[in-house]
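Listed next: structures, encoded as C-alpha cells.
Both complexes shown next keep chain A, but they swap its partner, so chain B is in the first and chain C is in the second.
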Partner chain A sequence: MFLVWPALKGFYMSLHNWDPFVPSESEFIGLDNYIELFNDPVFWDAMKGTIYFVALSVPLLVIVGLGLALGVNKNVKGKRVLRAIYFSPYILTVAVVTLIWSEVYSESYGLINHYLGYVMSDPPGWLTSTELAMPALAFMTVWWLVGFNFVIFLAARQSVPERLYEAARLDGASTWRAFKDVTLPQMRNSILFVVIIQFILQFQVFAQPFVLTTGGPRGSTDTLVYYLYRSAFSQHQYGYGAAIGYVLVMILVLIAIINFKVIGTND
Partner chain B sequence: MTDSTTQQTSRLDDVSLRSLGTHVVLYGVALLMAIPYLYTISRSFQPRKYLMDPKPHWIPPEITLEHYQYLLTESLFVQWTINTFVIAGGATIIILVVDSMIAFSLTRLDWPGQSIVMGVILASFMVPYYMNIVPLYTVVADLGLVNSYWGVILPAVASPLGVFLLYQFFRDIPDEYEEAARLDGFSTFQIYYRIILPLARPILASLALFMFVYNWNAFLWPLIVLSDESAYTLPIGLVNLYQGNITTPGLHMAVTVLASLPLFIVYLFFQGEIVRAVQVQGTGTTG
Partner chain C sequence: MTRDRISTKSRRRFIQSVGATGAVSLAGCTGGSSGYTISFWELFSGGEGPVMEDIVQKFNDEQPLDVDEEVKIDRQRTPWDQYYNNLYTTLAGGSGPDLAVMHAAYLRAWDDTIVPMDNYIDTEEIEGDYLDNHWDLVSVEDETRALPMDLHPVGMYYNKGIFEEAGLDPESPPTNWEEFQAAGNAIAEETDKSAFSQTPYNDGFGSWRTWSTLVKQQGGELFDSDWNPTFDGQAGQETSELFWDMTGDMEWSSQTTEADWGANAFENGNLGMTMNGTWYVATLEESDIDWGFFKPTIAPNKTQDQVWADGHTIVLPGNQNRSDEKSEIAAEVAHWLTTENPEWGARAGHLPAAADIRESDVFQNASFYDKTLSKYLEMAEDDMYFYHPKVPNGDPNSESWYQWLLDMWGHNYGSPQEALDDGVSEISNGLEE
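For the complex of A and B:
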C-alpha cells in the first residue's frame, strides 16, 4: 500500500494539473508536465547542479572508501579505533552534519578560513561563492558517508582468499599488479554495489543545499530533489513534482544499467 | 653472505617505512575526520563572546552551559526528543514484527501467490524512494495522518530491506528444527515465536539497530509530513532552530551534540552490530 500504490498514483498524478483539494477535479493534461519540465530553465539548472554534485562526490566516496579499507586491512595498529572513527560520521543525521560544517565553512569565524588565513590574505567564502559552494557540499558529504563504503569494502577485502596473494607474490607480482589482478576483480561485486548505491543516493541529494545554502548562491547548489520538494510542497504543484520524480527515476535506472554494463562485464 | 643480509635489512627498512607511511596516512585521515566533532563539542561550551572570534578556541578560556540550558528549558528540544524516540522506536518495533512475520510466511508456509509477493518486494528495491514522495504524501493526507506519528511511521515500515534480509536467513534454517517441533506438538505460531525468532536473534538485533538509527536520522519525509513545530523530530527541529534568527553558533553546536548523543551511545555499545548490519545489507543485496 505504501510502495506500489503511490508509484502508480504518482504516474497518474504526473499526467494531471493536480488539484490537492479536489483531486477528482484535476485536469488531465497528458504529457504537458513533462513538456513544461523540459522547457524549464530552473529544472535544467537543478539537473546541472545534481550532475556536478554526483561527479564530485561519487568518485571520491568510492576511491577514498576503497583506499581506507585496503589500508586498514594491512598490518595496522589500532584497526578497531580507526574503523570506529571512519564509520562514525555515518550515524549522524544529515541535519547535524550540515550544522557542524556550517561552522567549519563559515567565512568570518570558520575553522578552515582561520588556518587558510595563515597562507593567504583573503580566504574565500566557501558557501557564498558560486564556484566553491557545490564542491564544499560534496566534500562534506564525503566526510559524512565514506564510512559506509569503507565498511563494505573492508568486508569484501577480508573475504578475498589470502592464497591468491601468495600465488601473486610467488609469481613476483608487484603490489600494483596484485591490486589490479587480484584485489579489483575479486572485489568487483562490492565495488559495483557501492558505485550504484552511491550514484542513486547522491543523485537524490537534498538536505545539504536545503539547510546550508538554500540552493544558492544564485542557484549554484540547486538539485533535482530540492526542486521537486519546492514544486510539490511549497508551490503545491503536485503533478509537476510527481513528474520530476519520474524523470529522476528514469535517470537512476539508466545509471544502474550503464554501471552494470561498464563494471559488470569488464572481464 | 654479507650481501644477502644487507639486502634483507634494506628490504625490511623498505617494508617498515611503507608501514609507517600507511600508519601516518590512516591516522591522519582519522584525525581530520574527528576534527569537526571535537570542534563542535568545544564550541558548544563556549560563551558567546568567543564564538564570533575569528580565531578558533580549541580549549575554551571559559566554559558555559548556557546553550544547553537554553535548549532544555526555552526550546521544544525535549518534546522533539520524545517525538523522535516514539517514531524511531515505534517504526523499529513494527518493522521487526511485520517483516519477520512476512518472511516467516514466505519461507515456512505454503500459500498461493508467494512468488508474486516476493517479486513485488524485490521489485520495490528498484523503486527509488523519491519517486514516491509526492503521491505518498497525498495517500498519507487522505488518511488524515499529516502531522501525526503514524504519518511518519507507516511509510517507514514499508521498507523491503528487512523482509529481504530475514527471508534469506529464514530460508537457510534447516527444516529438521521445524519437523522436530511439529512432532512435539508445536503450532505454527509457536514455531515462529519459539524456534525461528530465537534462532534469528543476531540478525534481528542488527536489523533493529540499523532501522533505529535510520529512522532516528530520517530527514525529508518527516520534514514533509510534520508541519507543527511541536510535532517535529530532532533533525527537523534543529534545522528549524538554525534557520530561525534567535540562534547563535553555540546553540547550533549544543543542539547537534545533544541530538547525536543518543546515537553515539548506541554506537559505542553496539558498534559491531551496526557495522555488521551495514555489511549484511551490502553483501545481501549484491549476492
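For the complex of A and C:
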C-alpha cells in the first residue's frame, strides 16, 4: 500500500497535465510529458550533471572505503579510534554536512582558501566556479558517506579466512598478489553490493546542490532529482515531475539489472 | 473593530450552513464554545521573525477581538526558501492553514488556492483603514484577495566609515548617477574595500530587485500587457552591461556568485554600498557598522524615478473543512494583525499598510525613522514604487527565474547579452506553465 499505490499514482500523474486542486479534472495527455522531457535541454543538462556526479563520487566511495577498511584491518596503532573517526561523518545529517562544508568551501572566508591565501593571491571559488563546483560536491559526499562502505568492507575483510593468506604466504605471494588473488575475490560480493547501492544513492543526489549551490553556477551542479523537485514543488508541474521520477526509476532499474548480471555471471 | 464588519453576504451563507448542517458545523474543526485556534503560517526570519512572534504573543495575551469566544493564533514559521513550496503542497492537499502571509506578487497566479478576503469581511468598510497604494496592491481584477500588511521596497545602504576612508562626505550620499559613479570609483581606487554589491545575498531574486529598478529608471518596461517579457529592450541591455562592468572593468565588486557574499562583506565593514529591502534595517541595527541610507534613484540616463517594491499580505487559504464562522474570525484576526501593530514598521523596518500607523508615535519614534523610514515614505508619497509583477502563472519569486542575473554578475556567460537572452527564455517558459 505504501509502495505500490504511490508508484502507480505517480505513473498516472505523469500521463496528465496534473491539477493538484481538482485532480479529477486533470487533462490526460498520454506520453506528452515524456516527449517534452526528451526535448528539454534542462533535463539533459541535469542528466549530464547527475552522471558526472556519479562518475566522480562512486569510484571514490568504493576505492577510499576499501582502502580505509584494509588499512585499519592491519595492526596499526589506535585502529579502534581510527574506525570511529572514519565512520563518524556518516551519522551526520545532510543539513549539518552542508553547513560544515559551506564553511570549508567558502570563497571569501572558507577554511581552504584561508590557507591557500598564504600561497596564492586569488584562490578559486570552490562552489562558484563552473568547473570546480561539482567535484567539490562529490568530494564532500565521499567524506560524508564513505564510512558506510568502510564498515561493510571491514566486516567482509574480517570474514576472509586467515588460512588463505597463510597459504598465499607459503606459496611466496607478494602483498599485491595476495590482495588481487585472495582479498578481492573473497570480497567480491560485498564490493558489488556497495557499488550497486552507491550507484542508486548517488544517482538520486539532491540535498547537496539544493542547499549549497542551488544548481549553479550556471546550471553546473544541476541534477535529475533537483530538477524533479523544481518542476513539481516549485513550478507546480506535478505531472512533469512525476515523468522525471519515472525516467529516474527506469535508469536505476537498468543499473541494478546490469550489476546483478555481473554478479550472476561471476558466481 | 467589531463583528459588524462581517459582510452580509457571508452572514447569509453562514446562516444557511448552520441551517443545513445543524450545530455540527458550529463546532467547526477547532471552534465551538471553547474558542478558536487560528493557524497562521508565516515566513519571517532575521530581524523580522521575533517581531512577528511578539505580535502574535500580544494577540494571544490581550484577546483584542470583540467576540465572545477565546481566539488564539497558532503561528508556524517556515523559512522563506521553502515557504511557498510547503504552502502550495499543503493547499493542494486541501488542508491549508487558516491564515497565511503571501507576497502580493502571488495573488494573481495563486487565486485558485485562496479565498478572497471580501467573502468574509466587509472590505468596503475597512478599506479606509489602509493607505490607498497598499489597497491597490491586494486588488486583482477588482476583487480584494487579501489584506495588505506592508510595502517593502528597496533602497541603498552604505557604510559611512568607508565613505570617509575614500575621501567622500559620509553625510552627503549620492543622489544621481554621476555622484554614485564617483563614489563607487573612489571606494574602488582609494580603499581596499569593495564598492557595491547588487544584493547582499548574492542571489538571483535579490539581483532582480536591483536590476529591474535600474531598467525601469531608464525607461524600460519589464512585461507587455500580455505578460510577454520585454525587459530585454535597450534599457535592459544597458543595465546588463552595467552589471557586467561593475564586476569587470569598473572593479566595484568581486566577480563571485557566492551566496551571502555581500551580506558578509557589508556586515564586516568590507563593502561600501549595497541595495536591499526595508527589512535589512533589522539586521544592520544589530551590527557594529556606522551605516547610512539613500534613495536608489541613481541609474545612468535616468528618465524616471522608479523603485522596486512588493508587499506582504495576509490571505485566507482555501480549506474545505473550515466553517464560515471560523473564516470570519480569521479575517478579523488578519485585520487586527495588519492595522494594530506599529512595531511591524518600528522594529521590522517595513512600511505598514495601515493609515493610522504612519501617524503613530511608536512608528515615528523608531530608532531608524529618520534614516530609512522617512525616506521610504517620501518615495511612497512621490509615487516612485513599481510592483514586483503579479504574474498570471508560475512563481515570480523563483530563484531559477533570475539565476541568469547572478551568473551575469559572476561572468559565467560569454557576454551580458547571452545572459539576458537566457533570462527571457527562462521567464517565458515559467510563465507558460
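Just so it is clear, the second predicted complex is superposed on the first by the 261 of 267 C-alpha atoms of A that agree within 3 Å, B and C clash if a C-alpha of one lies under 4 Å from a C-alpha of the other, contacts with A are read in each partner's own complex, and residues count from 1 in each chain.
Note that contacts are C-beta pairs under 8 Å (C-beta built on N, C-alpha and C of every residue); 3 or more make two chains touch, one makes a residue touch a chain.
This structure is a prediction, so every number in the text was calculated from the model and none was measured.
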Partner chain(s) touched by A:R218 [first = chain B, second = chain C, both, neither]: second
Which of chain B and chain C A:L127 touches, first, second, both or neither: second
Which superposed partner A:F233 touches (first chain B, second chain C, both, neither): both
Superposition-derived comparison: chain B or chain C, residues of chain A touched: B
Which superposed partner A:S108 touches (first chain B, second chain C, both, neither): both
Common ground on chain A, meaning residues reached by chain C in one complex and by chain B in the other: 20, 102, 106, 108-109, 233
Residue ranges of chain B in contact with chain A within the complex: 19, 22-23, 25-27, 29-30, 33-37, 39-40, 43, 51-56, 120, 124, 126-139, 141, 154-155, 157-158, 160, 213, 216-220, 224, 234-236, 238-239, 242-243, 249, 252-253, 255-256, 259-260, 263-264, 266-267, 271, 274-275, 278-279, 282-283, 285-287
Of all residues in chain A, those that touch chain C in their complex: 20-21, 102, 106-109, 125, 127-128, 130, 214-219, 230, 233-237
Chain B-touching residues of chain A, taken from the complex the two chains share: 1-7, 9-10, 13, 20, 23, 68, 71-72, 74-78, 81-89, 91-96, 98-104, 106, 108-109, 111, 114, 117, 143, 148, 151-152, 155-156, 189-190, 192-194, 200, 204, 206-207, 211, 225, 228-229, 232-233, 238, 241-242, 245-246, 248-249, 252-253
Parts of chain C lying in touch with chain A, wherever the complex brings them together: 84-85, 88-89, 91-92, 112-113, 203, 254, 256-259, 261, 264-265, 318, 394-395, 398-400, 403, 406-407, 410, 412-413, 430, 433
